[in-house]
Amino acid sequence: MSARILVINPNSSATVTDDIARAVDGLRFEGGPAIDCMTLAEGPPGIETQRHVDEAVAPLCRTVERESADAFVIACFSDPGLHAAREATGTPVFGIAQCGLLAALARGERFGIVAILEGSIPRHRRYMASLGLSARMAGERAIGLGVTQLAQEDIVAARMTQVAEQLRDEDGADVVVLGCAGMARYRAPLEAHLGCPVIDPSQAAVGMALAMLRSSP
Amino acid sequence: MSARILVINPNSSATVTDDIARAVDGLRFEGGPAIDCMTLAEGPPGIETQRHVDEAVAPLCRTVERESADAFVIACFSDPGLHAAREATGTPVFGIAQCGLLAALARGERFGIVAILEGSIPRHRRYMASLGLSARMAGERAIGLGVTQLAQEDIVAARMTQVAEQLRDEDGADVVVLGCAGMARYRAPLEAHLGCPVIDPSQAAVGMALAMLRSSP
Amino acid sequence: MSARILVINPNSSATVTDDIARAVDGLRFEGGPAIDCMTLAEGPPGIETQRHVDEAVAPLCRTVERESADAFVIACFSDPGLHAAREATGTPVFGIAQCGLLAALARGERFGIVAILEGSIPRHRRYMASLGLSARMAGERAIGLGVTQLAQEDIVAARMTQVAEQLRDEDGADVVVLGCAGMARYRAPLEAHLGCPVIDPSQAAVGMALAMLRSSP
Amino acid sequence: MSARILVINPNSSATVTDDIARAVDGLRFEGGPAIDCMTLAEGPPGIETQRHVDEAVAPLCRTVERESADAFVIACFSDPGLHAAREATGTPVFGIAQCGLLAALARGERFGIVAILEGSIPRHRRYMASLGLSARMAGERAIGLGVTQLAQEDIVAARMTQVAEQLRDEDGADVVVLGCAGMARYRAPLEAHLGCPVIDPSQAAVGMALAMLRSSP
Amino acid sequence: MSARILVINPNSSATVTDDIARAVDGLRFEGGPAIDCMTLAEGPPGIETQRHVDEAVAPLCRTVERESADAFVIACFSDPGLHAAREATGTPVFGIAQCGLLAALARGERFGIVAILEGSIPRHRRYMASLGLSARMAGERAIGLGVTQLAQEDIVAARMTQVAEQLRDEDGADVVVLGCAGMARYRAPLEAHLGCPVIDPSQAAVGMALAMLRSSP
Amino acid sequence: MSARILVINPNSSATVTDDIARAVDGLRFEGGPAIDCMTLAEGPPGIETQRHVDEAVAPLCRTVERESADAFVIACFSDPGLHAAREATGTPVFGIAQCGLLAALARGERFGIVAILEGSIPRHRRYMASLGLSARMAGERAIGLGVTQLAQEDIVAARMTQVAEQLRDEDGADVVVLGCAGMARYRAPLEAHLGCPVIDPSQAAVGMALAMLRSSP
């Protein structure tokens, strides 16, 4: 039977889950691992605060205990419950924030992060420090749009471009990471515009899970 | 037309190239990128010293200038010519040492490296420092076998196990990286024996190249 | 009306809460802040894993939202929910792990931590790194006793002494932090035995809260 | 007999000593340690240069050898003679610079320092590095006022506010440390104005000494 | 017989070699080591890219194997082949980039680098990181002049002054390193203008080689 | 008139001054700078504690203010008063500890220090951290001999060899620094025995001062 990668969107938004599912479609192939994406129904509607991060942990752990998979991917840029999930299951667990940053380091010298909310930046900075990766960070900047604006693709694309240009030109980033799940649709056009690599963290994480599952002769 | 990942073994040993080709076989699939592995005919027979590293650069750069590909992978654990190749071509270039370490960081807290030669350790340590990853390194230890012994799989496997156990038990590694191309055959048994992830760097790098090429839209 | 420091024990063990309450008794005085210690009834019975840490966050946040105080102290050496609680309330929140380490740095060059469980050490190490304090850490060692043994004071004291001596003699610590709430009774004898400062983190945190509350002319 | 905390102002200005004495008044209580503040008569009139720092050491060491106390606090933001004093006496010695920074780290992610003189900043930076705390420093800025202006509270307050706002808004500090003894009167209004914690280092140090002295059951 | 320091200019420009030879003239004296400067005929015309750096290694190694000397100095600010040369010969080998930075650290707190080309800065930054010296770097800025302009001393001097002033005033450097061989003629006037030390790396390296050779008994 | 390097031995031992004078004899030459070595009569008999370090500062500053020289060298491995002296004079001031370590970094990857007294090691470690050089330190070990034994060259040589071998073999040092002034006589034999460079810090510092003075035009 074929292997299974289970991607868990720890917020309760099915729209975001659908975006993630589309983002990783290029990594599905005949005979390859199934890549299933699920919504954490008991998760918060969005993960915007440290409290949201921490509160997603319990339902997430129950999910990895209940579900059968060969690799789990936690698809939120704060990697909620990554270490708790690793304690709860023997199955490998990947966090998209880690994987996105690590994939960026394989492409450039100094990464910049496009965050959604200003308020997430200190939380991300603490996480970066705990990973020992701060020395490679050029900067992080938020697009800072409200819910209504986030629904309008052209506004998001314009603001993301502006922020990414600042990361490149003012902060010295030579690779950019999208600091959120469900933004993959903006990746390719932004990369084309900037002229430097842009990483979608969900794609990076599923890619790493795939490479792991296909690494035995 | 389908995409192409060109894996360049910068030493002149076709046997090593064959080993690498086999190692990444699980990442080939119908409709996916071609994964071609080539030997750098003008490269040194093996890359054991800083001089070997530096001397591989010129033929390697000529290769990336001449060859047509969508991604290059330099398949030597010293990442010879990685930055020179990136200057020489607009095509993304991956180095297996970087990718192996980064893939390890997605799996554990502190990585250990199984090197072949004692003399490579200071070179690797300088590289680790230049990457800003030293804080996550538990240790590096060499198997220290001569050419004759390296040809005997059971001796290599036994010595690798011994060294990896020291990395885990004495140095505190919770993920192990094989510090050489062409050792993938030892990965799965070593992982099973140790009970912690073992990363083959060529697989990690080709996996990252694959994820990049399949990331749109 | 007088100020109030509310110390929250995020596990559900009233015995531990009582130990903490006794530990900070020396900081209570006529006209000074009330120092109230409460048990988080909905918390896990003990905080031994990352999951326990994360799961304590929701009830802890509800508590800081509901309770009226001039300073909160989270009395668990993993500082569960510290940042979430700071988002949830405008009242200052102290974490005993941070405060214990910081108080140790005011006394010595390199701190050693006496942990209860081996399994907590990676979690603590990640936290240390996120705080940027790793360079001052001499080491961390666990007493590694089971529940039955933890109830026997003479066994705990003997094992704690042994571990602290290793931190001092092998790891080079010149100040020792008790890596757990509710162990204050062992502090003074251990300090006398070792000949170097020993810090109880709950005392350190309540002391900092007290100094803050009494800092206006 | 009650315990005694002896706060030594290492410069010869009795006015500064009086300011410090007033600053720590909130930490005096019935039955608590005596908190005595003394002027180092042989000290320099002010500590403005590295030479002043170093020259205060000899009289300071003679003082800790001569005086009887349960804790010493060296009340100058360069912590002059801290390590020499620790060699000279078995009694715990606290330095207000260390304690001020450590207390700040218990309250925020990144501290900013309001210095008096531009020329002190390199000296402080060296000290910060020796403490391993540089990664948590957002910045340091001097108010840069001359002696006459320093005597005018409204000018000092206005300039301090300006500098602290720059630390918060341009450097990203979320907690501010007053980089001088004898400035405690500006603490509370500045904190109210900024909306983030402001630490007076003498209060922080005496608070730590107090917590230590009251830490035995 | 007297000792010999052989300074190797790894690019093929004899003019640069002459400049270096003049720069170190003050270190020649009766009875002291001969200081010979040679051009690496097979080297690239200038060392402007990582590829140039790497390609200089092979002829450089052949040179240190062939030549007889008591100390070698590699006179290019990228230290091409430093480690390879050390593997190739038992004679001490100095790199001028390392020596220039180290000599700067003996004079000031934070160094600034005046580079020739913008494109060299990432390469230098990687090198700085591999040396563990990044924390002492204030900044690096390029004069960014084309070949024609580089031949006009007044243009070079004016631009160098401008860049060095930015390093001092905006980046906080208190010592400046000329990030190139063959620029020694600008050192003294620039130092006089800036009021802070300016280091020529070739002079620094030959000085270190000289001190080594004259250190016995 | 010729330039003058004034080497100040900050302890009052004329024997040590004589040893230093002999150590730097190889750097004296016809037409070169005078290299004068003086004893700081008011200094402590030996510099063994932080207090000795700090107390040497005042007479040392008076000396640099009074004496006329083109470069000062403070010849004690704790660099007492280095920054104070730099404030007191416009003439360049070199510290032998800094210079010894920096010269070592030009020769090897990781330095080891042979200290005289165990008690100096924490002081040195703080200094190393303030210099940002800790990442390159392999270790420091003390020979730990009493005054009588220090007078017996064979005992010192034997113990120094033993300690240096531990630095090389157990700590991984590939270059060794003598952590004291006046030990230059042991340098060459120790280097010959170890097979790796051994640095005398006074020679390193005078060499740097010499290179500076001979760096124009």
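Per-chain numbering from 1; labels A, B, C, D, E and F assigned in written order.
As a working rule, a contact is a pair of C-beta atoms (placed from the backbone, for glycine too) under 8 Å apart; a residue touches a chain by one contact, two chains touch by 3 or more.
All values reported here derive from a predicted model rather than from experimental measurement.
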Quick one: which chains contact chain A and chain D both? C, E
Considering only mean CA positions as chain centres, point out the chain farthest from chain E. C
Averaging each chain's C-alpha atoms to get its centre, pick out the one most distant from chain F. A
With residue numbers as the basis of comparison, which of the pairs D-E, B-E or A-D duplicates the interface of D-F in over half of its contact pairs? B-E
Which of E-F and B-F has more C-beta pairs touching across its chains: E-F
Just the number, please: Cα centre separation of chain B and chain C in whole Å. 44
Gap in Å, rounded to a whole number, between the CA centres of chain E and chain C: 52
Do you know which chain D residues sit against two or more other chains? 126, 129, 131-132, 135
Listing every touching pair of chains gives A-B, A-C, A-D, A-E, B-C, B-E, B-F, C-D, C-F, D-E, D-F, E-F
Touching chain D in the complex: which residues of chain E? 109, 135, 174
Mind listing the chain B positions that touch chain A in their complex? 22-23, 25-27, 29-32, 92, 94-95, 98-99, 102-103, 105-107, 131-133, 135-136, 184-185, 187-188, 197, 200, 203-208, 210-217
Interface with chain C, chain A side, in the complex: residues 49-51, 53-55, 57-58, 61, 80-81, 83-84, 86-88, 123, 126-127, 129-132
Could you please specify the touching residues of chain A with respect to chain D in the complex? 122, 125-126, 129, 134
